[in-house]
């Protein structure tokens, strides 16, 4: 019974992936004719090659590969900085309660609900005034800011589950704010870091809007190329290339999930969810 | 050593100075970005800003237009439908799945990964794939008809009355796994002895889940609720990718309305007015909750 | 000098057309750095506006001409091309003149128009009519009359993609053709509510309702899917701009043999003058400024115009170039451009806000069979009033 | 009724249990008479909870049989076994009121309303929880929660009560108080009770019989008095008593125990002795100070507890405790003469560790 | 050095602390001499941990001053106060080895390497943890962890040791053993120690002086013996001793205490008495069975603990406990004659609750 239900549900979840993969391996004529669930009669890797290295964005016909490295360049620092700051926030909120801290936290939580669109323009102005507009630093800042609410919530909840006495012991041992954070708290928060990294990598890697609005073309992430390939409004839709490009773009977060899904669940269980 | 012999009370602000310094990014974000930008938005919602923000105040004009705009009214209605469906179904399905996963099943890791992987994909991907699967000429409908079930009709994306449910299906596909994982984590945290107690009391399993376990999951549920609701209010990419608001304007949502007003219609003022309405609604819902959740019990 | 140029031309024919500009510009010793963002205005525009207001502008950027860039110009973020334009006599060479007028703000020219798209066409599938056993219509009225026969033969009489802009385009086409260019100008240009309530528009609204009936049963989303149905003979006709030709061309169909094109729904010899234009943000660097001027000149030069427009499937903005390679439909358009009535594009007359509201209204009308013509009329007047 | 009393209330035959390859319980046998209070005592991981869970039906056993009131319940559902259980963490349903907690199982068994009400009223009276029937568990103190947990078992009107370390979450004072309450409850109700603890004081004071467990094997199953006086082996001897029994390694020679060159007379020892190596075990309270000492030792440390004192001595390099019901103080380092009460001592075979 | 001994090792003046509107500590004063072992005893929530945290500098106090070795440390950082602290949950850094745990504070203080090594070696020797210096805390037993936690305070070479319920997570047997170890450690090191517990046995056995707290107010600050014999008020009298002191409500009339129509001679009572209502408090161990009884009562329940027994009686409707160092058994319901040892009794004013 249980297994039956689970298998049915699993199939429901797998069908889209199956369709994507199958479609990306078909030639265009086959797609036009046939049913999307049918396995490819003739397997072709053409669409993959095209998506990766030939598909055009305007005049640049080097596919997704250029954006891939940009995405890496954006994602790595953004993930590191945003998690670092959010974890410090969570730590300060959980262990060093100071006056007003809860208020700021409440504001952050409300901030989690504000649609990004609202922030788009003021953010442009802010970045302009800071002289960061168009730079990678600016984008990292944007990701840090918008990732902050949920991440801070996760870290705060996690640190609150660590015994208070540990923190006191470290203070008696002469460690300060930073010492405790780096030498006591950080080594103990692997589970929640895994959760945070997975969430942030997924979010930042999949981001399109910020990547394109706040940077210049030389930093455009992979999703911009994906958008260009998928969203082209005129001409023939190359579904197989679209699907291949989609899978390629989603590959990094997917791989991370497949590899560290277990840690993810464990991390969440380790206290991220305790209110 | 002599100077360490301080006896006076140090200035309050400088106690735990490092903690306060470390919190500066958070404080700045909260004040400048979330409060400052929101205020900015509210102020400019009273202007006739077009492509660029302009201090050209027109009173409540943008709000009057907003509330007489059918697209906005439809957006609100759609958000309600979407939100309620998402909350109900993602919690119910997520919980049922979490319960199934909690039965010490084999291959738990495999099932969990399968249920969770869509969460790794962007909404754009989800939207595109489900647009496809729900396309009557290519997707599920045509396949079912291909199997000989000629009268089978499942074409939500082209039916303005049920199009939101098509969006909900895709959103559930992407988000339920995450809800499941959060709830599963909560379930795993429940004391084993509670289970034993209910078995001795002879409570059937489903009743135990419903009347004992669910209430105990409150903290997890709250966190999950925050995350899911935040996602619902912000829903944009999915709709754009899957239906682009269509057919007609029947699957418009507020975030898309805001975006379209600001960047397609080049009517920032109107976009800001719509944002302000969203902000107010969110604040009305969240502030009392945040107060209860974080303001009330300051202890430990 | 390297100039970054942003645009949203990413499809095959568009990119090929852009490449012509790039080639011509590179030949001047500068370098075209391509910044394409797909997805038309909604996606690309915030990027462009953000870049410009954020203080990190590109050197040149595409906008639909009309009012889109007006505020940027007013904010002093765009440079004036007046010196180039007057030196090179753009006002003399650009035809029709209205196309350059849309670039003019306070007497100065701020953009380079690069092409003219005529939107007011009805595309018909010869196959479909053959199957239905009726003659290929010569105008809208015959097309309407043939509707039942098409239905009987299992053919969708009319397809219009379900996106707002397509519905709006159909409406514009009907107004310009059925109510006539004069009414069209009064309605959209002067925003004259009396005309909207007048007898010409009465006919136009009736035609709109007929169009809705003829599209019933179709749920195609994208315009090119609709065109594909016309190509395959699954649908009788489609109201669409001249870019639809690109699809017929790819399917190796021949105008007149496999398909038929009716400008102004076959009722009036009109073309509208929508099109694309390039704007040049103000950049405080003499070398860049010089290169921008160079680019502007390249874009409007006869050679580039020919090369670009042949690829793009649109018409050049100057009358003094020779397009021998044009096919039958394009020729029809060019002839009208030379001799017939040229009406302004809707982008030139309505603000983007009003334009999108109109689009939303129309797509709603097409999707809700219950919505009456009177409702549409009332809402339409509201939109026009708001915009004036 | 004569038949009922002659048959055991709870009988366990050859109970075995393995988790995978690990055998946790090996051949456990027990017969518990109606009204008996049996304590399962043992260190952590000795299998106490496991036995209790097997009795309750919360674990599927590997082999053996369990009878309750003569009925074979080995494969019955927990609710049908006629048992009630009280847990260490109380396991109260946090969102229900006390009344709700008590009624939940009964409602589920579809008992009539007035029957439920009367059972709750009775339990509330016995346990004196009537005043807070409408509070949630979170608003109760530890002791009150404990009572509610007992109440939940009580209303089920069962034959056998199972307790799994019900007091170990409480502080010492409350623990002592509730211990007395449980004892009195047992006397009031007269039910069979099986009680798990690792606290020997609880075991000694509560039990009619103690089953002392080690690694899933029952070491001794006897009255507290017998376990205290005649521990069957070294392990039991060392486990029971605080401070622990003192052990001296020496040998039996005739009627004296030779240790470190001195002899202690074995006169009065209760058991069969033969010459050979042996371990003498003597409890701190069975050693008295004397001018004619069996042995002598130096004072190392003293603990005063108000009513009594424990003195730790050093005897031949090892620690030796004595306990006296007075508050006499000894200067550290002085030598005391000790006299053993041999009637209460135990001797063990060093090889088998069994009592001689 | 003469000066050092004359000044208190730890002095607390008028310490006050509030959390928001709740005043947790009211005007606490204490003077602790070098080498003294002071236990803070009190029920849950009485403010014990709060005082300790104030001393350690882990809480910002609202008012008052704290001196350690004559130095005002009120606003110093915890590390600069010359204190070491041991926590209930041990609070070992789980990711560091035992050695790392011990060295952590020293490295922070930038001590030279060989100094760190030698201090760890010394602590390891004192605490006998040398064998597992390279293990992680997770691989240690409860008692070993406890020792490491103490070691962490030890290596800091501090004047004052603070313990916050260091034994309450352990089981009874281990607790008893470690209690003795701590006592011995104190004797070895001779440091000042402040020890928080709610377990009166720990307090009685370990302390030189006990500060008994209630709601943030020190009730009595005296030696265990004095607290046991002469509790200043009813609360202290009831708190100390297990089972609790028995209280009888009556009145003083001349040289006898009248209760329930009978008189008990007050001869030998240590205190100033005048006629009027009073509460007589007598500990269970100070009541003996006698043929010429002061009062009589019925046996209700008996607890045997091996070395001693506690009998609960019913006396005029209330429970009355007596304790005897023997295992005499009484049949429930029989009437026993009781004789009070008046030299060890206490009388309290029912209004002020103070000892007379």
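Residue numbering begins at 1 within each chain, and the chains themselves are lettered A, B, C, D and E in the order written.
Assume a residue touches a chain if its C-beta (ideal position, glycine included) is under 8 Å from a C-beta of that chain, and two chains touch if they have at least 3 such contacts.
On a predicted model such as this, the values are computed, not experimentally measured, just so you know.
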Subject >> Shortest contact path, subunit D to subunit E, counted in steps >> reply: 1
Original post:
When every step has to jump to a touching chain, what is the lowest number of steps that links subunit A to subunit C?
Top reply: 1
Subject >> Distance-maximising chain from subunit D - centres being C-alpha averages >> reply: C
Original post:
Where is the C-beta contact count highest, in terms of which two chains?
Top reply: A-B
Original post:
In angstrom, rounded to a whole number, how far apart do the mean CA points of subunit C and subunit E lie?
Top reply: 90
**OP:** Take the average of all CA coordinates in subunit A, do the same for subunit D, and state the distance between these two points in whole angstrom.
**Re:** 56
Original post:
Using mean CA coordinates as chain centres, what's the subunit C-subunit D distance in Å?
Top reply: 91
**OP:** Round to the nearest whole Å and give the separation of the Cα centres of subunit A and subunit B.
**Re:** 16
Original post:
Which residue numbers or ranges of subunit A touch two or more of the other chains?
Top reply: 120-121, 227, 230
Original post:
Where does subunit E touch two or more other chains at once, residue-wise?
Top reply: 80
Subject >> Touching two or more other chains - residues of subunit B >> reply: 259, 262, 298
Subject >> Contact footprint of subunit A on subunit C as seen in their complex >> reply: 4, 6-7, 9-15, 18-19, 22, 32-40, 43, 46-47, 50-51, 53-56, 222-224, 243, 246-247, 250
Original post:
Mind pulling up the subunit E residues that touch subunit D in the complex?
Top reply: 44, 168, 171-173, 176, 179-180, 183-184, 187, 198-201, 204-205, 224-225, 228, 240-243, 283, 285, 300-301, 303-308, 312, 323, 325, 327
Original post:
So in the complex, which bits of subunit A are touching subunit C?
Top reply: 56-60, 120-121, 124-125, 127-128, 133-134, 212-214, 216-217, 224, 227-237
Original post:
For subunit B, which residues are in contact with subunit C within the complex?
Top reply: 50-52, 54, 65, 70-71, 136, 155, 158, 160, 244-250, 259-267, 270
Original post:
Which positions of subunit B touch subunit D when the two form their complex?
Top reply: 191, 193-194, 196-197, 199-204, 207, 211-212, 215-216
